[in-house]
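Dropping the structures in below, format is structure tokens.
Across the two complexes that follow, subunit A remains constant while its partner is subunit B and subsequently subunit C.
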Partner chain A sequence: MDIILQLVLNGLAVGCIYGLVALGFVLIYKATELVNFAQGDLMMLGAFTCYMFIVWHGFGYWTAVALAVASVALFGALLDAAVLRRVLGQPQFAVVMLTIGLGAVFRSFASITWGSEIYTLPTPFSARATMVGGVSVSHEYVSIIVGTVLLCAVLYVFFTHTRIGVAMQAASQNQLAAYYMGIPVKLMFSLIWAISAGVAAIAGVLLAPVSLIDTNLGFIGLKAFAAAVLGGFGSIPGALVGGLTIGLIELYSGAYLPQGFKDVAAYVVLLLVLAVRPQGMFGAVGRKKV
Partner chain B sequence: MRFAFKTSYAQDLGLFRDRVQRNAYIALFLALLVLPRLVPEYLGDLSLVFIYGLCGVSLMVLAGYTGLVSLGHSAFLGIGAYAHVYFAQDLGVPWVVAVALAAAVTAAAGVLVGLPALRMTGVYLTIATLAFALIIQEVFTRWDRVTGGLKGKPVQKAVVFGLPLGHEVGFYFLCLAFLIAGLWLTSNLLRSPTGRAWVAIRDSEVAAQSMGVNLAVYKTMAFAYSAGLMGVAGALFAHKIGFLAPDIFSVLLSIQFLLMVAVGGLGSLHGAVYGAVFVAMLPVVISQARDAVPVWLGQVFAVFGREAGRAVFSLVDRFVKQPGLEPGIFGLILVLFILFEPLGVYGRWRKITLFFSTFPLYKHATFKRQKSYMRSERLR
Partner chain C sequence: MPDALLKVENLETYYGPIVAIRGVSFAVPRGAIVTVLGANGAGKTTILKTVSGVMDPQKGTVTFQGREIQGLDPDKVTRLGLSHVPEGREVFPFLTVQENLRMGAYIREDADGVARDLEMVYEYFPVLRARAEQRAGQLSGGEQQMLSISRALMARPTMMLLDEPSLGLAPKLVKDIFDIVVRINRERDVTVLLVEQNANMALHIADYGYVLEVGRIVMEDTCARLLEKPDIKEFYLGIKDHGVRGTRRWKRKKMWR
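Moving on, here comes the complex of A and B:
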């Protein structure tokens, strides 16, 4: 019983990370119809910048997190303004290739700037745990779950109750109509990229104490992709549910199935779900017009 | 100015556009025949170009002509490689039969992926094939009775019809023969009703369906053909690298194949070959530039004094010797291509030839691409 609860906790924490990265994909996809394959690498950049601010420049944890998230968000906005705006409206394949290329550039940049060593991020939660009814509750995992819940609440309030948030929703529902209503669509897209990059950076910072920081951290993006597709690309609750599902599946298959299933179980489930419901769990049925 | 006016159906069906084009290809073929004598030190890289060319043709059929973007082609290459080595070495099947069996097994795997993929479009399909590639990679690791697992599997030299092709010249011609056969077969297929149906599916699924194209049949066929071709390429690739291990067939290889078709130019077989030349030769160019560029820059800056030259040399040298630089250069080139030449190398080539053949009447608008701002994917 204890081990099952333990796995639920750890699975939820891992799932939250997948969910956050998937959320970043979905935000960008909903707004601009671009599929950002570099989301995982933005997460990696977030973790590295936070590490740099804490260890190299000696900032406190919270200042460093704020600085890292802000700088990665700014970077996301600049990326949109400089590069991605130019490919809006081009075939999806071009965009996929573009972001794959950008991801490779980011990884290369990280390995040149920070070296290819593996780092650990010192945090206030590191290596501490509380026993709750036979379950060892690690503070790092709690920080991930609490952080995700807070972030989702903030994003929810932002998108439904603020002027900018509603304007963003309008821009993502219909570019042209939003533009006619006087919404600066380009600025909105840059802001969405900033938010999405910021969310990725937060995911990176939350993940860093659990996993280690290296340049291949971005490959978690692949699993997050599975999460986003599982939930139905373009559905925000779907991304989170998909992330949690994949996190739980991964931990349980790691514990109960033979060795080797841990890494692929998520993908097997993804293929099964897609074979039955090609639009994912929460996706809308759509048919492309001629 | 030169126009290709067609005056008979035979011309329209011909493999080459006109006599000039045919002669150009014959010249290219002759050049490839004597190339091993001219540049013997690059033979290994050239055979890799041919193998990658076959991979590029395979992915071009699927991504460039049928519009199904796959990130699972590393798995198909791996299945082909392992199946070929298993049949040829463990079961002792003759080489040619082993290649055919490998192609058949890989095509079957392609059908297996293609069937559920029928209902998916766009990014869902890409992710599904990605998931397939990751699962297959794990299978390569675990199924060690056939694949040798993490220990890997050594590959013996190819012996075709009792003719040992272990030396590089023989292998060069073997790969060249397979590439030409693959290109010929594919270009014939693309000019047939099957190929036209694929292109119709790429341009609009709904329109193709309403014209009587059976989506299920043709999409599965595209997957099977593409995978089968990849299986043949995998058999050659196994001999090329000489040692099979699961981590060779990672997603990065799939990404490299996509890079090949994107940089070469989507929707043209020429593009596949140009892309293969690019992807296979770029590491060679980079490794040579790594040695040459710091020296060269050092000499340039030496005009400001010997110290400045040496400082620049050591700085640049340290920078270019970074191990993580090469994927970054690949990525950067890809980004620049997508931004500035979305039609790829072949598109640029066509622009240049058109410029000269219609001089001085060339206009930029010929290749202008229409942008769409429709919310196409989510229209209900």
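Moving on, here comes the complex of A and C:
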């Protein structure tokens, strides 16, 4: 019984990370119809930048997190303005190759800048746990879940209750009409990139204490992509639910199935979903045009 | 026309290598309703898109309130007071009606004025008040057209570009919408450039009209006089004068060709 609860907690925490990265995929896809395969690598950059600010420059944890998220978000906006805006309207292949290539560039950049060793991010939650009803609740995992919930609440309020948030939705739904309303669409898209990159950076910072930081951290992006597809690419709640589902499946298959299943579980689920229900759990087929 | 609010001169716009409008010139005086008539593919929508900045002209100038605006981005043009109501409504399908209207006022900072104007458009189109919390994608075609016009009005424009507001609507609804366009013009002092296939309606509400064929303006006059011209009657209003030509219609040529 205890082991089951333990797995639920850990699975939810890992699932939150997948969900956050998947959220970044979905935000960018909904706005610009681009799939950004470098999303996981942005997460890696977030973790490294945070590590750098804490260990190299001696900032406190919270300051370092704020700086890391802000710099990765800014980087995302610049990436959109300088590179990705130019491929809008080009064939999807070009875009996919471009973002995969960018991911590789980011990984090289990270290993040149920070080295290819494995780092531990010191946080206020590290290596602490509380026993709750026979379950050892690690503060690191709790911080992931709480951080995700708070972030989602903030994003929800931002996108539905602020003028600029609604304008971003408008620009995603009908770009031409948004122009006619005087909404600066290009700026909105850059902001969406900034938000996606910022969310990825937060995911990286939350994940770092439990998974260690190395340049291959970004490959989690592939599992998050599976989560986004599972949720129905283009649905924000779908991305989060998909992430949680993949996280739980992964942890349970790691515990109860033979060695090796843990790593392929996400992709098995992805294949099953594509075969049985291609539009995903929160399918959005044909929703864009009304 | 010295006091023209909008002046278009020698405008040429291409879709790739294909020329869509070839050297079009016209003017819209302040406070007027001016219409551009033409068949499918004549270039009506292209003219509006070039004026509002979605397409850039190859040649020619667009002058709005004494300022050249050709080549500006469409969001900048909107900020100058020129609102475009696009063909096919183009509402934001997953935002509510009210959110759509508020997006129309995106460029404005005066919250009180926006609230007042929201009341104003609900007065023009009461059905929108009833649907305020519904997603715009769930509205009928006519309601979406009303929303599209209202949304443009929320920017408090000096001038509105209306692209085929009657497209796909029932005749009764067309009449209602045109009545509102006239009211907006009179009550809100909004200058209107109206592009239409429904020549009968357009000529009855507009002050001045241009006839566009294959990218060229072939005729212009006050609408009262245009309504009397035999070519307009026959080719745009579908009224035949029997006796003069009757069954020998194929021998008639459009005068301007």
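Going forward, the second predicted complex is superposed on the first by the 286 of 290 C-alpha atoms of A that agree within 3 Å, B and C clash if a C-alpha of one lies under 4 Å from a C-alpha of the other, contacts with A are read in each partner's own complex, and residues count from 1 in each chain.
Note that a contact is a pair of C-beta atoms (placed from the backbone, for glycine too) under 8 Å apart; a residue touches a chain by one contact, two chains touch by 3 or more.
Just so we're clear, the structure is a prediction, and the values are computed from it rather than from any experiment.
Q: Tell me which partner A:Ser111 touches in the superposition: subunit B (first), subunit C (second), both or neither.
A: first
Q: If you stack the two complexes on chain A, which partner ends up touching A:Ala194: first (subunit B), second (subunit C), both, or neither?
A: Neither partner.
Q: Between subunit B (first) and subunit C (second), which does A:Leu176 come into contact with in this model arrangement: first, second, both, or neither?
A: both
Q: Count the residues of subunit A touched by subunit B and by subunit C, then name the partner with the higher count.
A: For subunit A, the partner with the higher number of touched residues is B.
Q: Applying the touch criterion given at the start, work out whether A:Gly89 contacts subunit B, subunit C, both or neither, answering first, second, both or neither.
A: After superposition on chain A, A:Gly89 lies in contact with subunit B alone.
Q: For A:Val166, using the defined touch cut-off, is the partner it touches subunit B, subunit C, both, or neither? Pick first, second, both or neither.
A: A:Val166 sits against subunit C, while subunit B stays out of touch.
Q: Identify the partner contact of A:Cys152: answer first if only subunit B is touched, second if only subunit C is, both if each is, neither if none is.
A: In the superposition, A:Cys152 contacts neither subunit B nor subunit C.
Q: Could you look at A:Met44 and tell me whether it touches subunit B, subunit C, both or neither (first, second, both, neither)?
A: A:Met44 sits against neither subunit B nor subunit C.
Q: Quick one: classify A:Phe233 as touching subunit B (first), subunit C (second), both or neither.
A: A:Phe233 sits against subunit B, while subunit C stays out of touch.
Q: Considering only touches as defined above, state whether A:Pro184 meets subunit B (first), subunit C (second), both or neither.
A: Touch status of A:Pro184: second partner only.
Q: Same subunit A residues contacting subunit B and subunit C, which ones?
A: Dual-contact residues (subunit A): 173-174, 176, 287, 290.
Q: Report the residues of subunit C in contact with subunit A in the complex, numbered from low to high.
A: 52-54, 73-76, 78-79, 83-86, 90-95, 99-100, 102-104, 106-107, 137, 151-152, 155
Q: Touching subunit A in the complex: which residues of subunit B?
A: Checking each residue of subunit B against subunit A gives 63, 69, 116, 119-124, 126-128, 130-132, 134-135, 138, 141-142, 204-207, 251, 255, 258-259, 262, 266, 319, 322-335, 338-339, 342, 369, 371-373, 375-380.
Q: For a test of understanding, state which residues of subunit A touch subunit C in their complex under the given definition.
A: Those residues of subunit A that touch subunit C are 163, 166-167, 169-170, 173-174, 176-185, 287, 290.
Q: How about subunit A: which of its residues touch subunit B in the complex?
A: On the subunit A side, the touching residues are 33, 35, 83, 86-90, 92-94, 96-98, 100-105, 107-112, 116, 173-176, 215, 222, 225-226, 229, 233-234, 260, 263-264, 267-268, 270-271, 274-275, 278-280, 284-290.
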